[in-house]
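Have a look at these structures, which come just after this line.
Each of the next two complexes has chain A plus one more chain, namely chain B in the first and chain C in the second.
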Partner chain A sequence: MANLLWLQGGACSGNTMSFLNAEEPSACDLVTDFGINVLWHPSLGVELGDNLQKILRDCVSGAITLDIFVFEGTVVNAPDGTGEWNRFAGRPMKQWVRELSDAASFVVAIGDCATWGGIPATAPNPSDSEGLQFLKREYGGFLGQGFKAKSGLPVINVPGCPAHPDWITQIVVAVATGRAGDIGLDEFQRPKTFFQSFTQTGCTRNMHFAYKVSATEFGQRKGCLYYDLGCRGPMTHSPCNRILWNRQSSKTRAGMPCLGCTEPEFPFFDLAPGTVFKTQTVMGFPKDMPEGVDKKGYIAMTAAAKNAAPAWAEQDIFVV
Partner chain B sequence: MEDQASSSKDDLLRNQLGEMLKNGLKTEWEERAYTSQKVNSTVARLQAVASDDYKSKLVLGGFTLEPYGEDDDISQSCATCMYYLKHRRYCELPELDCPVEPEWSCILWRI
Partner chain C sequence: MAVQTLDISPVGRVEGDLDVRVDIEDGVVTNAWTQAELFRGFEIILRDKDPQAGLVVTPRACGICGASHLTCAAWALDTAWSAEVPRNAILARNLGQITESLQSQPRYFYGLYAIDLTNKKYRGSSFYEEACKRFAPFTGTSYEKGVTISGKPVEIYAMLGGQWPHSSYMVPGGVMCAPTLTDVTRAWGILEYFKSEWLESMWLGCTLERYEQIKSYNDFMAWLDESPAHANSDLGFYWRMGLDVGIDKYGGGVGRYVSWGYLPHEDKYQKPTIDNRNASLIMKSGIYDGATDTHLTMSQERARENVTHAWYDEAVTDQHPFDRTTKAVHNNKTSFDEKYSWATAVKDIDYGRLEAGPFARQMVAGGHQGEEWQHYDPLILDMYKSMGGPSLHLRQIARMHETIKLYRQAEHCLREFKLNDSWYVKPTEKDGRGWGATEAIRGALCHWIEVEGGKIKNYQIVAPTTWNVGPRDADGNLGPIESALVGSPIADPTDPVEVGHVARSFDSCLVCTVHAHDAKTGKELSRFRIG
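Let's look at the complex of A and B:
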């Protein structure tokens, strides 16, 4: 039996919605098959008022063993560092977050907001938001660089806007079943099993990427979305085309560019007009190259691929 | 699968466009769309043009009969542009959407 507590800070509840839609395993499986006791969750918890405060206080004091503390949303510090803009259970949420993180064996940040601040922390960041252990790419965040949960692990970051349902439940299960040691974390404390490959890995448009054939409209099945529509699949770490959404598709498969939502800089370009869904260029070259490719290599690759592209690559081969 | 090799209709239109350029049609080729802002503004102007108004497309797109300049190892011609369909000899950028020759160029060239 592992006790899990889930709280929301500056959040839209998107990750909660994602979690409740998990299938492998489902939220119910966590309880019935993996022995996870959900102490409280914003959409599932039945306790209110004093009863909820008692659960939280007991977790902090150790009267209830807190095995897994899951946090969704940003830590809100405004105004003036007090956190009063996000009060919860009688006090600023940030105070609960600090004390519960210190009490928990594992701390799991779910979604971009909890991991690195996400959209709320984008300049000018009026709510003075930050993630649990990062603010965008900057290491530290609310809990600080040296923070480690009682297990010895730092915050486990499961980013995404939202995170995929199964990334959430699979990490929770791994932790709850004593396999936390198997979770290798990357430099941004993301589980490598999910975030070492690219969004492009498994993308059905890879042949169009290879032959430099561009999609020029949303929903178009022919063409790669990277060249014109701002897709960040070649430089974003996520398994969106390996662990499909709703078990059948992904953004890029549906003709929607990857927004790079598992990376600390998301949303890129600060959402300035003309920057979303449009590949940014400098002198006719993409501003952001596929990871590991430099300009000279890109030129060589493009010239060769364009020249070698077969006729079918330029045609719409999808008939239904 | 529809055969999208260059059709006689494409060939005819391509010749007409080439003739316009050869006859001295003045196009806005000087200011290249080297920033995203310039790309966006040029595309916005092209979006206001009727789809069959090819003369305006040539002018606003800044078409030339020759490749523009050299950048490192690549010539800025239609042949190397991301929107060019080699087998159809066609520009697939929705705002241009016209047959071209591989050695032509325009200010929206990108790779």
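Let's look at the complex of A and C:
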């Protein structure tokens, strides 16, 4: 049995929608099979009004044990740090977030908005938004550098735009089944079990990456999306090609370049003209190389790949 | 979790916060104000960005209608860049849009709407016990099935776009994907599963073919009486309980309706322009004016926004979205005589405030405007006339009625793909103005874009919730939800579930906080979130 409270700040509800796609366990299974007591959720909650405010206050005071506080969306600070542009239950949402985070055993930030600020924090960041413990790559965020929940863990960041339902449910189940101690976090406080590997890990286009065969345009039946179409799969930490989306596919499998949405910089280059779906190059080389590869290594890899490329690599492979 | 007794009906609705204030006099709502309480400034973020930034940013305006935003963003750029869009790509976009909408049907109906029928207010109804059994959150038989199966249709979306929500697979000139035979066959399998496990077995209690024979109110009543399987299906049960508890008696609204139309025909919109869109749509656009029983075709130049009562520091005269500048006021103090919402008041140049949504689409579908070949469906308009006008109950019936049509359109897409033909024609980027529109499940959505100097000069979005939840306009005319709330009976002012019914029947994309006020004393009776 674990009490869970889920609130939304500067959010689109995409993480909630993603969460509701879950199976094994489904959202209902979490409640009926895993003893997750959903104290309240914007889409699923049953206690509302005065009852909701009482729950919030009881969580803050400790009258209700708040085991897991899930936050989706940015912390909105505008205008002038007051947070009045996002009011909730009669006061700026940021005030609730502060008090509930201090009361919770575990604080989980779901999605890019809650982790790093995401799309709303894109320049010029009109709503003065930030994540719970980061603003983009900068450590601190709304709760501050030293923040630790009562369990001793900092905010558990489950990024992605949106986060995959399994990333969410597995972390909740881990906490609910007493395995929180096994959750190892990386430097951005992401669970390593999901975010150590790359988006490219398991991509169906890996052979084309290896032989440097490019998908030069959309709608092609072959080729790697990294060389021309701006794919960030080799530099992005996510299990998108290990744990498939909607049980079926992934963006790179379907032909869409990875946007790097589990990384703090998303959306990259602040969407400046010329940067969307186009690989950025410097002197003919990709500006962002696969993680850990330097220019010399890249040149060597390219030469070897071109020499080794078999004829089939240039032909359609994902055929009808 | 045990089912909890609800003093206040549940289900917030996502997408920021909406406050509703209602005045109640002698048990009836006499005045209402709707307030959108979250501002993120997507139009401001998009300024000076890459022309294609809208493909990444706007699906993230709404995690529920992301495919619909993406559809608008892509068609807007197509028209601005004079792109050619191959037949397959039109079908692949339509299929994405449709699967998102199919997803929303059981998720919305059970997850957000039908829970209200388990409110203690209805304890006296002979349907109450059965309603709790079916619709109680998490544990209700229909709730659990419906919410879980809602994830299935968007598995098809993931085959096209890699994931739902938040893909950007629709791009000017077509789509990023090139589906293969196995994608198509798996998609058929998923559709069949959705149909056999829920749509026919649980929702209709009959085959799609039998349901499709219903063309009028009388046909529907005959269908209901035809078999216990019909009467006891979730549709039959909801219909009967709705009438029993009287939700067919209020929540009507402004009585004028809008749809941009949607699903461009794969053979008719390969060279898209703003002007040739209307004649290219399978589901036609239109306005329906209930008072004069008039249908006409809708077009983007008829739309206006007014910020007299919205927190924007712009001209208070009606503006076309191309002329908006999106300047937020700094101090968003609530003043019901002045400004009280982040939503603007959207209107038509002649017909003023219009209701958007699935109900509006069906009212529009019942007219003979547009092209001879376009979709025509008289059922909901006939129900509206037979039942004496609009109600929140009929709004639900209209919404769920569309499910069957969406299902058929999904089949059409799968049947029409020509797998060896092209999916993308690379367009030439250029400056210009574009407009893209569709119908998100909850209503009329469109994007205006102006590209200048290779970057976005102006990007404007008018969402269905903007139409429905907007505040008063310059002349003091109430918005559609404000209008629908007026006249609602309130049995228990400390638990005005009726207000929840009305607001939720629009599937507004916001979380509402209701402040119920006694009109005579001004005393605040209760506050709670609805959606």
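As a convention for this text, the second predicted complex is superposed on the first by the 319 of 320 C-alpha atoms of A that agree within 3 Å, B and C clash if a C-alpha of one lies under 4 Å from a C-alpha of the other, contacts with A are read in each partner's own complex, and residues count from 1 in each chain.
Methods note: a contact is a pair of C-beta atoms (placed from the backbone, for glycine too) under 8 Å apart; a residue touches a chain by one contact, two chains touch by 3 or more.
Note that this is a predicted model, so its numbers are computed, not measured.
Visitor: Are chain B and chain C a fit on chain A, or do they clash, once the structures share the same frame?
Guide: fit
Visitor: Taking the C-alpha centre of chain A as the vertex, compute the angle to the C-alpha centres of chain B and chain C, in steps of 10 degrees.
Guide: Roughly 90 degrees separate the directions to chain B and chain C.
Visitor: Once the structures are superposed on A, label A:G292 by its partner contacts, choosing first (chain B), second (chain C), both or neither.
Guide: The answer is neither, since A:G292 touches no partner chain.
Visitor: So in the superposed three-chain picture, is A:A309 touching just chain B, just chain C, both, or none of them (first/second/both/neither)?
Guide: A:A309: touches chain B, not chain C.
Visitor: In the superposed arrangement, which partner chain does A:T275 touch: chain B (first), chain C (second), both, or neither?
Guide: both
Visitor: Counting only touches as set out at the top, which of chain B and chain C does A:C12 meet: first, second, both, neither?
Guide: The answer is second: A:C12 touches chain C but not chain B.
Visitor: Just checking: does A:A254 make contact with chain B only, chain C only, both, or neither of them? Give me first, second, both or neither.
Guide: Only chain C; A:A254 stays clear of chain B.
Visitor: Who touches more of chain A, chain B or chain C?
Guide: C
Visitor: Of the two partner chains, chain B (first) and chain C (second), which one does A:E217 touch, if any: first, second, both, or neither?
Guide: In the superposition, A:E217 contacts both chain B and chain C.
Visitor: By the touch definition at the top of the document, which applies to A:N246: first (chain B), second (chain C), both, or neither?
Guide: second
Visitor: Quick check for you: in the superposed arrangement, does A:P126 touch first (chain B), second (chain C), both or neither?
Guide: second
Visitor: Can you report the least C-alpha distance between chain B and chain C in the superposed arrangement, rounded to whole Å?
Guide: Checking C-alpha atoms only, chain B sits 5 Å from chain C at its nearest point.
Visitor: Both chain B and chain C contact which residues of chain A?
Guide: Correct list for chain A: 217, 274-275, 319.
Visitor: Applying the document's contact rule, which stretches of chain B touch chain A when the two form their complex?
Guide: 1-2, 4-5, 32-37, 39-40, 71-74, 76, 79-80, 82-88, 92-94, 109-111
Visitor: Across the complex, what residues on chain C touch chain A?
Guide: Those residues of chain C that touch chain A are 1, 4, 6-17, 19, 37-42, 44-45, 48-53, 55-57, 60-64, 66, 89, 107, 111-112, 115, 137-139, 143-144, 147-148, 150-151, 154-155, 157-169, 171, 173-178, 180-181, 186, 328, 330-332, 419-420, 422-424, 426, 454-455, 511, 513-514, 526-531.
Visitor: Inside the complex, what are the residues of chain A that reach chain C?
Guide: Touching chain C from chain A are residues 8, 10-18, 20-23, 26-28, 31-32, 37-38, 41-53, 74, 76, 78-80, 84-90, 118-120, 122-124, 126-127, 129, 161-162, 217-221, 240, 244-256, 259, 261, 267, 270-277, 318-320.
Visitor: For chain A, which residues are in contact with chain B within the complex?
Guide: Residues 212-214, 216-217, 227-228, 274-275, 278, 280-287, 295-296, 298-300, 302-303, 306-307, 309, 311-312, 314-317, 319 of chain A touch chain B in their complex.
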